[in-house]
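Common to both upcoming complexes is chain A, partnered first by chain B, then by chain C.
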Partner chain A sequence: MALEISTNPMAIGAIAARLTEEFGADLHDVHVQQPDTVVASCDRARLRDLAQRLKGDPEVGYETLNWVAGIDRITAFESVYHVYSWKTNTYLELHVEVPRATPEVDSVVAVWPAADWHERESWDMMGITYLGHPDLRRILLKDDFVGHPLRKDYVDLVENHPNA
Partner chain B sequence: MTDRVPGRSKMRYPKLEHFSEPNVITTTADFIFSWARSHSVFPFTYGLACCAIEMLSSGFARFDVARYGMEVFRPTPRQCDLMIVAGTVNEKMAPVLERLYQQMSEPKWVISMGACANSGGPFYDGYNVVNGVDKIVPVDVYIPGCPPRPEALFQGLLELQEKIQQHSFVPQAPAGDGREA
Partner chain C sequence: MPDQFAAAAPDEAVKLALRRIDEANARGEGSNVEGLEFNEIVVNMGPQHPSTHGVLRLVVTLDGELVKDVIPVIGYLHRCKEKLAEKRTYFQYIPIVDRTEYVASMNCEWGYVMTVEKLAGIRPTRRAEFIRVITGELSRIASHLVAVGTFTADLAPLGTAMVFYMFRDREVILDLLEELSGARMMFNYFRFGGVRYDLPDGWVEKCRAFMKKMPKLIAEYEALVDDNAIFLQRCMGKGVITQQDVIDYGITGPNARASGVAHDLRRTRPYSVYPELDFEVCTESHGDIFDRYRVRMNELRESVKIIEQCLDMLPKGPVQVGSLRAPYVITPPPGSCYVGQENPRGEYGTYIESDGSRYPYRLKFRDPCFCNLQLFPKLLSGNKIADAVAISGSIDLVLGGIDR
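Up next, the complex of A and B:
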């Protein structure tokens, strides 16, 4: 059976309304970013469960994870998930705030396997720990690198420059 | 056989009057070896960033590095005697680059191609950037540019040819061994 790719049968506003109705308890700040993206945030404690339900939703199932990003907002970190729905041909941008004191969030590799390397990179560069990740180690920097260089408070260390 | 070609100060070529009879040339072994060696350099494909595109471009028909006898790019260090470091060297790559250099057979040369390999370039002082490949291996020729055009690479290769020709493969007697008297 061929994969059914529809051309946006639901208007993006209707999708946002449906997400609010179905997942309103967990999804906060749902708003539309034209033309095809719904932006929302959720608590980190609810992320794993919410991801599973978002993927399995019969109307707007977000089957595909495009990327995971880490952001340093100074006051806190953010882990951002950009997922895609083949059913509605739209995107969801899911922001999860991660406190600076305990930079930990549940891994979504069990839901979207594509998150594997993206979470490794986010940990490598930003130092956000993804709990439950099968193999959380550095992906771009060398194994004995000290610190997480894309943090705003990162200070370059002599240890990281053996050839200086 | 040290006659100089006008316009190129140090390059040495056999000249017609050195052919004592047809197809016979009389010269020193030192000259003929370094002359041959300078015209059959085997470069190692060490492209690390955008400079590699210029290096590859120099190998194709429009620029054609084969004019200098250097078109035989090899992907293994054991068959190469010239490492063209084309691109940014980062701290993770540094030990690999050093090891590959050590695996090249003597005599060997290194060309640092572009701003990144020369000094770190636009990424100078980056958290994972080596500020110049000369921190790791000895460099014979530096080529400026970001990236250098193929013509600039050729200029560097010609400079290297001059340098190779000045190298003597004949073992020199150590100074002060008593033969002066």
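Up next, the complex of A and C:
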């Protein structure tokens, strides 16, 4: 199998237009961030399905997950997925809002295997639960650490570090 | 008094390894032989182990000499980099970025500074761009020397010969960078809109002289290793990363290029003055240990080529945007952006979200080693334990970046 990186990719505007046309029902706020990134958001209920279709799209095909990050927006959390398309040599930044009361979102490990550790990190740091993740453990902090430090309301207490 | 020699209680990773053994046995896939009490053993490799090149811990399930399963445990070097960003101004944060991937700190600084510049709409001066490429590529050479040197030390045939040659020459580069920035490894040299100091007198000549010597030195390294039968036997066909692995796990850098994927952000997502420079993206086709080593050696040559071109093309002018001479407070407008930078180990990306204040609202690093390490369970399983050491050496991990 030859993996070719396109040297003459579709214009980023054309990709954004195609995404709106193809996935318009699920993708919201599609806009272009120059030079090569499409930024969009989607509902958390539709995430896994959308991820599957984005990956399988014959023309764009976001096959590689670059990273996942949790962001604390005070009113809610956000899980950001940054994915790469080899066919067009462009990126998609997908924002998914996760309510603060029930910080849960479907895991995309089944679609993009690379999501495994990134989702663990996001859970560790931000406390977003990725439903269906095969092994959601802390990754950077100790197993017995209390709290999720990248939340804006996190207060660092001695009790949060047992056995330290 | 607590008994300091008492066995520590198994932690989550060890429990997981034991659970997987039980599950495999229950499925009838275990290698349990009737009458033997212990067939598979769980071994902690690290966190203090010479071949992991840092505080990486691998919980390895061994069946005799064969690696059945690997569970990497990371976080021993976690220094809360992303949390620290919340209470540091953009300017104060530059020296902290140095300490993420400390083997190539110039490149890390570059990635961070580029992201902030993109957010704030700052264009660095042209002379600064060339100096950045020179320092970045010097850093890449130094980093590859460390990577290949320590990796060959893990393989028995050469002992530490290669390390000494490579660290000898790396020291020349560190001296050059020290003369430039004042620090040997943690440079704190990049500034928004340029770099901190202009090149000192005579620096260009010194750098050029070393670059002239470099091809001979590379030939010397290759003469040591390339025809060594034991080295080849231990490297050829071992630890193959397929192109599907590259797609699935987001492998980048020399590890991806050794599998024939010509992904190099200097070409695929060009930044700085790379479009004006003539260099090749080095690829190999097999994706085994030997190809990863070859890609790094070829990249040394390409870096030398790039530096020589930059020294020739180096324009005159200021090294920093005048109005930003003391940018102690910089406030990018609200917004977010992600910039990837081709680090010696792959795509080192910085995602910054600004709320218009002096501090980043959210800063996230995408570290190449973190993504590459994720492949370890798949890559090491099924190999002999000695080969696992060789493979993990060839992946070139820096724990400072992984743990952040």
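Quick note on the criterion: the second predicted complex is superposed on the first by the 158 of 164 C-alpha atoms of A that agree within 3 Å, B and C clash if a C-alpha of one lies under 4 Å from a C-alpha of the other, contacts with A are read in each partner's own complex, and residues count from 1 in each chain.
Operating definition for what follows: a residue touches a chain if its C-beta (ideal position, glycine included) is under 8 Å from a C-beta of that chain, and two chains touch if they have at least 3 such contacts.
Everything quoted here is computed from the prediction, not taken from an experiment.
By the touch criterion stated above, A:R100 is placed in contact with neither chain B nor chain C. By the touch criterion stated above, A:R44 is placed in contact with neither chain B nor chain C. Of the two partner chains placed by the overlay, chain B and chain C both lie in contact with A:L141. The wider contact with chain A, measured as residues touched, comes from C rather than the other of chain B and chain C. Contacts of A:T64 after superposition: chain C is touched, whereas chain B is not reached.
In the superposition on chain A, A:R18 makes contact with neither chain B nor chain C. Of the two partner chains placed by superposition, only chain B is touched by A:H161; chain C is not. Legend: residue contacts after superposition of the two complexes on their common chain; A:P149 is shown touching both chain B and chain C.
In the superposition on chain A, the residues of chain A touched by chain B in one structure and by chain C in the other are 140-142, 149.
Those residues of chain A that touch chain C in the shared complex are 1-3, 5, 33, 36-37, 63-67, 69, 71-72, 80, 82, 84, 86, 89, 91, 93, 112-114, 116-117, 125, 135, 137-143, 149-150.
Across the complex, chain C meets chain A through its residues 11-12, 16, 74-75, 78, 80, 82-83, 243-244, 246-250, 260-263, 268-269, 337-338, 340, 347, 349, 351, 353, 362, 364, 366, 370-371, 373-374, 403-404. Across the complex, chain B meets chain A through its residues 91-92, 94, 125, 127-128, 130-131, 135-136.
The touching residues of chain A, counted against chain B in their complex, run 140-142, 145, 149, 154, 156, 160-164.
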